[in-house]
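The same subunit A turns up in both complexes below, where it pairs with subunit B and then with subunit C.
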Partner chain A sequence: MQTTRQAENRGTPLLEIDDLAVQFATRRGTVRAVDGVNLRLYEGEILGIVGESGSGKSMTLLSILRLIPRQGRIARGTIRYRGQNLLDLPMGAMRALRGSDIAMVFQDPMTTLNPVFPVGEQIREALRIHGRLDPDRKRRWPHDLFDRGRLRAEREAVVRVMQEVGIPAPELRYRDYPHQFSGGMQQRALIAIALSCRPRILLADEPTTALDVTIQAQILDLMRQINRDHGTSIILVTHDLAVAAEFCDRIAVMYAGRIVESGATEEVLFRPRHPYTEGLLRSIPRLEGERAPLEPIPGEVPDLAALPDNACPFAPRCHRAIPACTAQAPPWVEVGSGHHARCLLLDAGRREGEA
Partner chain B sequence: MQPTITETTYAKPPGRFAALRGRTRVRLRLAGRGLAGVAVELFHHPTALLGGVIVLIYILAAIFAPAIAPHGIDESQLSQRLAPPAGFGGDGYILGGDPVGRDLLSRIIYGARVSIAIGVLTTFFSAVVGVLLGAVAAYYRGPLDAVVSRIADFLLAFPMLIFAIGVMTILGPGFWIIILALTFKSWVEFFRLVRGEMLAEKTKEYVEAARALGQPGWAILLRETLPNVMNPVIVVGTLRMGTFIIAEASLSFLGLGIQPPTPAWGSMVAEGRDYMLDAWWVATFPGLAILILVLSINLLGEGLRDILDPRLKAQ
Partner chain C sequence: MRAARIVERLIATGVLMLAIAVFVFFFMRYLPGDPVDLIMGQEGNVSQEQIDLLKAQYRLDQPLHVQLGSYLSGVLQGDLGTSIVQRKPVTGLIMDRFPATIELALGALLFALAVALPIGTLSAYWRNSPVDRLSMAGAFVGISMPGFWLGIVLIMLFAVRLKWLPVGGRATIGLEPDHVTGLYVLDSILTRNGQALVDSLKHLVLPSVTLGAVMAALLARVVRSSMLEALSQDYVRLARAKGLHELVVVGKHALRNALIPTVTILGLEVGTLLGGNMIVETVFSWPGIGRLVVDAIFARDYPLVQGVVIIYACTFALANLAVDIAYTYLNPKIAL
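Up next, the complex of A and B:
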């Protein structure tokens, strides 16, 4: 279990998402928040999902834990974890999996920690939920209430986890409440909670967005260290391309609930093939090279309730769009080794090249 | 005791009550401070401290009544019938004597037992019923919420005393009947308070985080969100306790509550009413006892509100 898993060592994927669709019934119609997403996550890999707000990144992540809001439903698709479709699991088995095999780190650490309990107790709670503190014990209550030695041992386990995520003086911070922690320390505490049960997969929903830049780097380093030391696979959702470039082995770009491009980080960022990815990259400032003016992508994210079925959702904003783009759904084209993009032009271009 | 690093199989759920094991005791943490912290802040709040000290004196007097009271509750001396208090021409009982020659002071001290017991127990039962129903209704919504909320609206339409008089008339007087009558109506306040707070609380991110950790719904409800809404419950509970004490005194005054010869302040005021012109002390001192206790409870409650609920302080 302690061996480092390299992303190159691909066997069967740890997590396979196929044709996932999440829909919300609203008064204006059915909002297709996620529409036909396919993803593979391999052991020890860091996968980034990037895209604008409302592109379905977070919903994809929440679907994996089956935690999408009550108004929404997973309309179709499968999510296979080690061969088993999570969407078919009974609720009890799903709960046993949450936190224990698949854990999640949220965006805003301040609101994600419960304000009325000391941080250490919240980590201890996470360990207890899945019985990681002492799995052999059968009868626990009410005997434990008086078992000081046991409590001490549990506290030590928590302190070790706190140490691992780099919370200084964990014995002293154990009794502190969340508001006594800085933002970075709160996020470390949340990571400690997520890691406490040694999950195989860590889902991180914009874990650094609420933090300032130096702290962002520390938190990303911490997550990378966890990935290296424990072989934990990570899915990082972010709208920050720089973070994704720095951190991820592979990147999937989402737009309007679909994946428009995916591939190895260098491939996607240095040889983007989808016009949307190109647009995203042109709209962030560069420090090196000549100072080209920023080019924002014109237009706005489309209304997810009114997406046409047989058209590219990006066509209205795409500077390369041709009439055919609004007449048929764009194909998923392999443009390089493990590098795919969903664009009609790529398909046409390839055919022309072959011809 | 190290957290074990094992290949976990999800085919084996940890059992229905796994999340409950080990921490079933009710944990009352007051807004990230702990009880000791609240006590310290109380010392910096003069009116709340004053209220708290007086309430404490009342409670001690009620508990140690047999040791403190100079005379027994039904020990009467004919010579002390309607005797004036010391300093007003009286020479025996400190606060004077009642129409049958019993010591007023002793009866007031014993009367604290009834008032405090009914105040505390009514608050406790109302809070338990109201908080649980409110939390469950807000967390699960649906038909349960609709039904309980309608019942609450219905009960709110009655004034508390009218309702209690009705119940007492039907069921007859009695200590537990008073508590039942008051609780039957007053759980609604806790219900509405907790329901509202919980509706706001359950949308917070830590609830989702708890679900992502694999906690079952009822565990999140009881152990994650409920402690977050307990501060206003404590404040409202303290403030309502004064109302319950007045309600009990009113019922006893009307003869529907605690029956003589058991000393209760309400019935003592009623006894003294006929002698107001000749022996003002008989009705006045039990009345003062009610006044001071309820005032102190309210001072303490408002102080707790300032300490526990800074949002209200700002207004």
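Up next, the complex of A and C:
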């Protein structure tokens, strides 16, 4: 039984991340924010990355556009988009991809929109940079500044994008500043910026976290509609398992900078194999079924500056940990069709089963 | 809406001017010594009658409230009285010299901005780099340096030793441009007088640098810190994610935000440009109102001091109004 269309019809991945590592030099030592992440994103699919705060999900996403904070660096790995390693691209070529092929929606729309420019102008800027308004025409600055017809055409294009993402009365709101928009409308404006150049990949970093629940649903619907209408592949980073369950085709669970389990959404959520995923699922309150006390995962997220090399980072919090867990790095085990988990116990179990 | 607020502020400024006129009026008379004593003192033997005559001539024999009343009614009609020492209308004396002061202040402001914006921005962009450390060390020196000393050093170096620039004054005698606005540089351009333009610019350089140095240093530090703040914001990351060039990310998205605190400080510093000019005008023999007022204070020339102080206050208030108006354009969240 195949649970997703992607599992049936994968082809070559649109985006391949291999052995990605992001490190921050701090006074306490090197923080390994992302440590050996492998990910595949296929055409038209929605991939979810879930995990607690500080698990490295946002850093993984920012690495794709090479936008990690300046204190950090990408220490290892490759990120291949249509065959080329983005990490090797010259800056100019990287800029040409940003916003046009790969676009991003950020977590906090209030602080992400520039407060001093009208929203419409910020969308227009996104359209302009990649020459999407009039591709045949060479840029002829400063004559453009005085070309009223062109300006009107650009405004119309912006208004169309604003309409598409569901901003009401876009002609009137074009000149409004971000602080005159509600949170949901701000996020729609950000999505409009991301969508304006019809990217093939949309990276969404907790796009609904700053919004209230009803608005969350609207934004997710909008993103799903974009995925359906344009075939845009989406990577959604979230700490909300319910959102991931509802929205994603596949899920990757991150813990302490590593992917601990990945697979089709139904597989991961209904047949979790990694103790961390199980723990996450048990700590969600349920409305139906019998009432049972929530079981939070004991302990705390480990210090990423002091991770042992040859041990499972989850072992100190794992109720099933055995002595071997702190003595060797856990293997990446295939536990089902396209379903993998990084746990020593699974490997041992499989070997026993084979024997 | 904006226009109505501006008119409101202008009216408030007018009221403030009157209050300042009253304050200066009393304050000057509270100072020991009066102008008639000082004038007569230089002329040797004088009788009480002559003194009384002179006092009567300047109406200094009348009760204070009467003097104040006639002064204020004059001010409201645009007549700032007659200078006791120079025996000329105060308005005329000020108007002859005011453009020189404005030209110097604008020159200093331009110099300060031209230095502070690029240096502050680059320091923030390459923070903790040699560029940053060197600029901030330079800014520290600039803030610590007294204006008169810097002026003298600049004169020694560029005027006396290298002979690149004139020692002082506004223009070489005979090369002054025809009077249009009183600002020599502007007048030279308006009358298409190239020779006068070069000459007045040469005269303007050293005084502007001297007067603007402290402001440049202070602003560079403000620009750097507000730029650091702006560069760490999410909207800068969005600008990069859009695929914008770093020049646009920094020069448009970050700088526009960093200008908001910078302009606030700029408004406060306009006072320094006016206050500092007395020293700089003296060092460079610049014929502005700074020197006029210093001489007037020593001579207890009441009407002239009052007139200059009113003009200073008025300039300061208008400059701040201009800054506040600029502020509403820079920060869309703020209304005037």
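As a convention for this text, the second predicted complex is superposed on the first by the 346 of 355 C-alpha atoms of A that agree within 3 Å, B and C clash if a C-alpha of one lies under 4 Å from a C-alpha of the other, contacts with A are read in each partner's own complex, and residues count from 1 in each chain.
Convention: a residue touches a chain if its C-beta (ideal position, glycine included) is under 8 Å from a C-beta of that chain, and two chains touch if they have at least 3 such contacts.
Note that the structure is a prediction, hence the values are computed from the model and not measured.
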Clash-or-fit label for the pair subunit B, subunit C on subunit A: clash
Partner chain in contact with A:A217 - subunit B first, subunit C second, else both or neither: neither
Contacts of A:L65 with subunit B and subunit C, given as first, second, both or neither: both
Partner chain in contact with A:R198 - subunit B first, subunit C second, else both or neither: first
Contacts of A:L281 with subunit B and subunit C, given as first, second, both or neither: neither
Contacts of A:V161 with subunit B and subunit C, given as first, second, both or neither: first
First, second, both or neither for A:A329, with subunit B first and subunit C second: neither
Partner chain in contact with A:L87 - subunit B first, subunit C second, else both or neither: neither
Partner chain in contact with A:L307 - subunit B first, subunit C second, else both or neither: neither
Per-residue touch tally on subunit A - higher for subunit B or for subunit C: B
First (subunit B), second (subunit C), both or neither touched by A:S100: both
Doubly contacted residues of subunit A, that is, touched by subunit B and again by subunit C: 65, 67, 95-100, 103-104, 106, 108, 111-117, 125-126, 129-130, 177, 179, 190, 193
In the complex, subunit B residues that touch subunit A: 1-8, 10-14, 16, 18-25, 27, 29, 31-32, 204-206, 208-216, 224, 227-228
Contact footprint of subunit A on subunit C as seen in their complex: 233-235, 237-245, 253, 256-257, 260, 330-333
Of all residues in subunit A, those that touch subunit B in their complex: 1-2, 65, 67, 84, 89, 92-93, 95-101, 103-104, 106-108, 111-117, 125-135, 140-142, 144-145, 153-154, 156-157, 160-161, 177-180, 190, 193, 196-198, 230
Residues of subunit A touching subunit C in the complex: 65, 67, 95-100, 103-104, 106, 108, 111-118, 125-126, 129-130, 177, 179, 190, 193
